[in-house]
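Structure record follows, encoded as structure tokens.
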């Protein structure tokens, strides 16, 4: 049954084509059915495929399906081929299923948008590209999907194109991610130059054979790929685009900027893990990027007023965890957290979406409050998701995935005490901003009136996701809690298990204990500031230093400010001053010179007979002189 | 003088005879049509007689004149050119209210002079031919004396031509004084003989003065100043004649003289010619750059074109000779065509020489404008025209002698030249409507003039697309030239 | 013989169209369309029949040939020949030619007959350039295609057409004459070495000469092609010419004339002077990269839609130049694909601007905006070709740029990196263009008709081809590879000779 | 008999020629210009005669005859023109006839 694989990207693509070409002629009922249906089908197919993969795994737990020959020149032979192994399988499953749920949700959310067909077309195109990215058997095809999702994110962020702000956010997202892509491309060139292929599996083998551990080429390749990854996954230093990306419709934020696309970087690094095993320094860089991002973004999340921006920063910070995991070689932990994060973060955004809808496009949390009774379903699902995000022990998926990462940040051979500390502190921050959001929106006095309640199309997916956010973690539990590891076990066919944990490392249980403490501390702080003593939080930002720090964090540590001055403005400045093209003036200058000569020479043609005669005589004299004295 | 020489000189005799006949005919009965017809017939006979003369080539009809196939080729060229000029003049004179008939006598005498120039192998015949040509041209350029400009052109041309002739003569005298002979072959023999002669001041000075005289006729810088005024002032057909026949004959002589006498091999003389060539190419093209009078534009461009020719001339050897010959052919066709258009557009009051007269001509007279455009493209050296092939041959000659500096300057200046040709073409094809009176003043196109233009165009394209035949003719002709 | 027919048909159709112009404007249009279409059919049929030898091994160097003595005294032959490279270019030329006729169907109303005469003769000249293997004939065709192009711009162009036309003509003419000098130099050098006067390409290959001579002659050729390409800093003629030309003119300029420059580099500059080319490569590649970045940034700065697209050409052809001088299989394959892809995407953008101009009478990006609401199809098409132009994977340009960069990386790492930044830079103007033209608020309240039948007939094939080139470029790659092999062989042999 | 050395004769001719040129350049009156031309031509003629004498040939004198006759022809045409010009411009000033320029 695996040979149905091609259908999984093909179905949404077909949906995109139909909606794109005939969208204007379709009825408003048909559009969501078509849009969500195509993705639903592809989700079904992927479940089917996954099932058969589990039941009768192909040889070596990997299945390749060559569709057609693509780029063939000299030593380069790249087919359009799909590669299915546990890693891509899990990613694909999560992506297709979550996408389906979000499409269903969108059917409700976008029901009164006149451009619905365009919306679903873009969304379908996104799913197709994302799946291509995941299933690509070579890096060029992966790049195709990679750029495809980037494009869709650009299109969807700027979906409501009439408002220039959205357009700006879309362009920013596209360009910043493409900055990363540039580095990724160069990485590809390097790999092809030195390993002679772009087929991922062959690359891995050859790299392992040809490059010694710590070889500079491996390091270079690792860092270049990392550049691409941080771009796509909004990690330092390229995280600045994600918060602005919230300008798009909320389902978009949920699907692209929370659940799926932004984790492409994680997938890329996991996919290319061999390179990083050969380049410890590059891997360390990954860990550092993750660690730094998760704290910085955590602080920013604490200071946001816009609910979606707050969630966006939390996404950045959670992906930071995944990078940290990758950085310490806990590959499967990263993927595990990706999965759980996909569930609860998508859910959080969907919830936020419903809130915003019902409050008539109000996004400022300080204008919300007391929605607990108004929107019970939203409240409970949102609460569950929030707990999962914070990692409330035992009952939520986040606990297991994040806990694993935190522990291995120290325990794995590549681990460091520093990483562990940062991770735990991150847990504190996470709890703090999560419950800050919850308290601000659902508790306290109602500050604005609820206009409409979400329909079934919107609530049902949320409930499903809520369930997943709770049970999703039980596929991998610590030793002291039943020690299940279906998930990791399955993944280990594609990704190596964590390198032998160091002797003098703390127990998993101890780590989890600390995590729980940090979580409680964060909860306490949030409770103190927003329920017990709301005025206290204002008092914090009153003094100059407090205000400054607040603005600094809120503005994402002033990165945009910096980048504008370093890169954006110089280019725009040059483009503006040189719009008339300085080079041209060289040539026009020559033309002017000729005209000058013309006017000069013209003066000699006086029309006077004797002057002409003089010229002749003079010429004769000169030439006689020349022949005689030269 | 043996009769064989007379046969060899038949073309000259026919031309001379025709002039006499025409003169008598006028005396008997004034008829513009008749005289022009007689002239044409005479020219045709002269042209035909070339084949008779060819049977005897190469021969020296007296020490003065050398009849070789080189000479015959150029004779044919100028006779054909004169033929066309006569046709054009007929239309032109029809519009003028002066005695028309004598025009043709003068034209024939001028052609006789040019023929002598082409044949001459001796200072005396050189001088004779030159003066025959000049004196006739003074009268021709001032022929329409009812207007001011022709008169002005005439007097300017007369004074300057006479003056430069004096320089020429003095130069000849100096050379003669040193060598004791005036025949080109003998001079060549002596110069190639004695080495100290090559540095002799008398000879060098003499050569320089001869260059002055020649340079004036060819309108080379710095002897060029008369050109625009005479071109503008003289009646359009005469201008065409001055631009083609007189220059062509003189250039033929230049090649013969300096190749046979090895004069060009004298270092200083070579240097002088190089300077003249560079100056002509630059000044000619620059002067025309923003000029708004078509006749003057063509005058300046002719200065530049003679400069190009000099580059090939300096290259020396067979490449140069055939390049020069071919380029002259192309240049004749093109210039006649261009002035032909000017002629047929001219009226009784004034010649159509203002750029404005041509605005949007293409949309009213597509064929006429097309011909003019083709001629301009040929001058600019664009493919499908003889000018392109001609320029290609010139460059080939220049490169074959690796005269890189000259060749590069040729290329650059010819691009400057391109600019003003394009300016004229732009006006021809301008889409905005012209001033009403200009549109109204378009004279009807006569059959004879039209057919002449058509023939020229056909020739232009033929030579531009398939130059092989003409090239073989030229090769047979020029390779007979002594001193190659 | 087919080669002659291809050209003759176009020339004849041109003349016929001119004459038929007096019987009504429809005649010339149909005549030209049919002629170009018929030619295209001929070529495709030829391609289909020679698929085997095209793709596996060429029988000898050429797939088709026509050789007659022209000016024997100078060793000039009327020698046309076609290999894989020429085949691709010829097919492209004729296809774009049809598009050009279609897109000027409504735009041109004055002097329709003469217009199509020029159109057909340009195409004929371009075919001549792509097919000539006698250097004199090549130069002949090279100059010949200028004149009708000049008329196209000078007569049917926009407000500053005369300035633009003359500028275009003078730039190309000067560089062309320098090439002619180089040709003649080579001619005599070859005679000096072998005692034979010939302009025959395959004879002149491998002419032994001193490195200095080789460098000078190579530069002669290089300048001519660099101006056409156009390479920084020889590009200033291009924005003016593109902007002022009528739509079909811009289309042909961008899609075909620029390609003749690239073609010349591939066919003549490197094979004739391999040593010199290798020595010169770093400079050429650097200039290519400068062009990529400079063109992209200037495109970003333009407010005139057409001018913006024009500058993107400078940027794209920079990649082609880069690939050519890297001179290895990947880079060259990339360069060729890039040439075709650029012809499609940029050409289409020019036609799109033309269609916009027909509707709004402006090309000023500040005047446009928010058109998506009123003309979604047109805007979507614009978006599509913008994505092609910014090198989105799956579309033709990506294949070209990707292969070029893959190949160039072997030759020069740093330049490759910079060129990759150029890919990024293309995003600036790409999204900028979409934003200012189609997105954003519709402040000027445009209400314009969406694309209709004929325009869809133009855009459809362009889109399909661009997409096909991006997802299944194999036919192109396979067709070019034998031609490339023989080119490479000749250079290799020459280099070895030079060493001996 | 004692003959004049050729060089001296040429020198005289040269001086004469120079005088002619000067006249041509400084005089405005067309008639005087024509006269200066005559002087120049005759100077050249004198040079020929001297040269012929040096080589004991008659050629020099023959050329001089040619020059004389040609000069006559020129003057004939010249005077005709001068008359016409006087009709038009009512003066002999050569600089009057200068409307064509540039």
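First chain written, first letter: the chains are A, B, C and D, and each begins at residue 1.
We adopt the following convention: a contact is a pair of C-beta atoms (placed from the backbone, for glycine too) under 8 Å apart; a residue touches a chain by one contact, two chains touch by 3 or more.
Here the structure is a predicted model, which is why all the values come from computation and not from measurement.
Of the two interfaces, B-D and A-B, the higher number of touching C-beta pairs belongs to B-D. The central chain here, found by comparing per-chain C-alpha centres with the mean of all protein C-alpha atoms, is C.
Distance between chain centres (mean CA atoms), chain C to chain D: 65 Å.
Between chain B and chain D the centroid-to-centroid distance comes to 26 Å (mean Cα coordinates, whole Å).
For the pair chain A and chain B, the distance between mean C-alpha positions equals 79 Å.
Chain B and chain C have centres, each the mean of its CA atoms, that are 43 Å apart. Each of residues 21, 24, 33, 94, 97-102 in chain D touches at least two other chains.
Multi-chain contact residues of chain A (touching two or more other chains) are listed as 602, 605, 607, 609, 613, 617. Residue positions of chain B touching 2 or more other chains, listed in rising order: 155-156, 159, 163, 167, 228-229, 419. Taken pair by pair, the chains that touch are A-B, A-C, A-D, B-C, B-D. Listed in rising order, the residues of chain B touching chain A in the complex are 155-156, 159-160, 163-164, 167, 201, 204-205, 207-209, 211-212, 215-216, 222-223, 225-226, 228-229, 266, 268-269, 271-272, 275, 283, 286-287, 289-290, 416, 419. Residue ranges on chain A touching chain B, taken from their complex, read 594-595, 597-598, 601-602, 604-605, 607, 609, 611-613, 615-620, 622-624, 626-628, 630. Contacts from chain D toward chain B in the complex involve residues 6, 10, 13-14, 17, 20-21, 24, 30, 33-34, 37, 40-41, 43-45, 47-48, 50-52, 54-55, 57, 59-60, 62-63, 66-67, 70, 73-74, 77-78, 81-82, 84-85, 88, 94, 97-102.
Residues 167, 171, 232-233, 235-236, 239, 297-298, 300-303, 328-330, 333-334, 370, 372-373, 376, 380, 387, 392-394, 398-399, 402-403, 405-406, 409-410, 416-417, 420-421, 423-424, 427-428, 431-432, 435, 438-442, 471-474, 477-478, 481 of chain C are the ones touching chain A in the complex. Those residues of chain A lying in contact with chain D across their complex are 602, 605-610, 613-614, 617.
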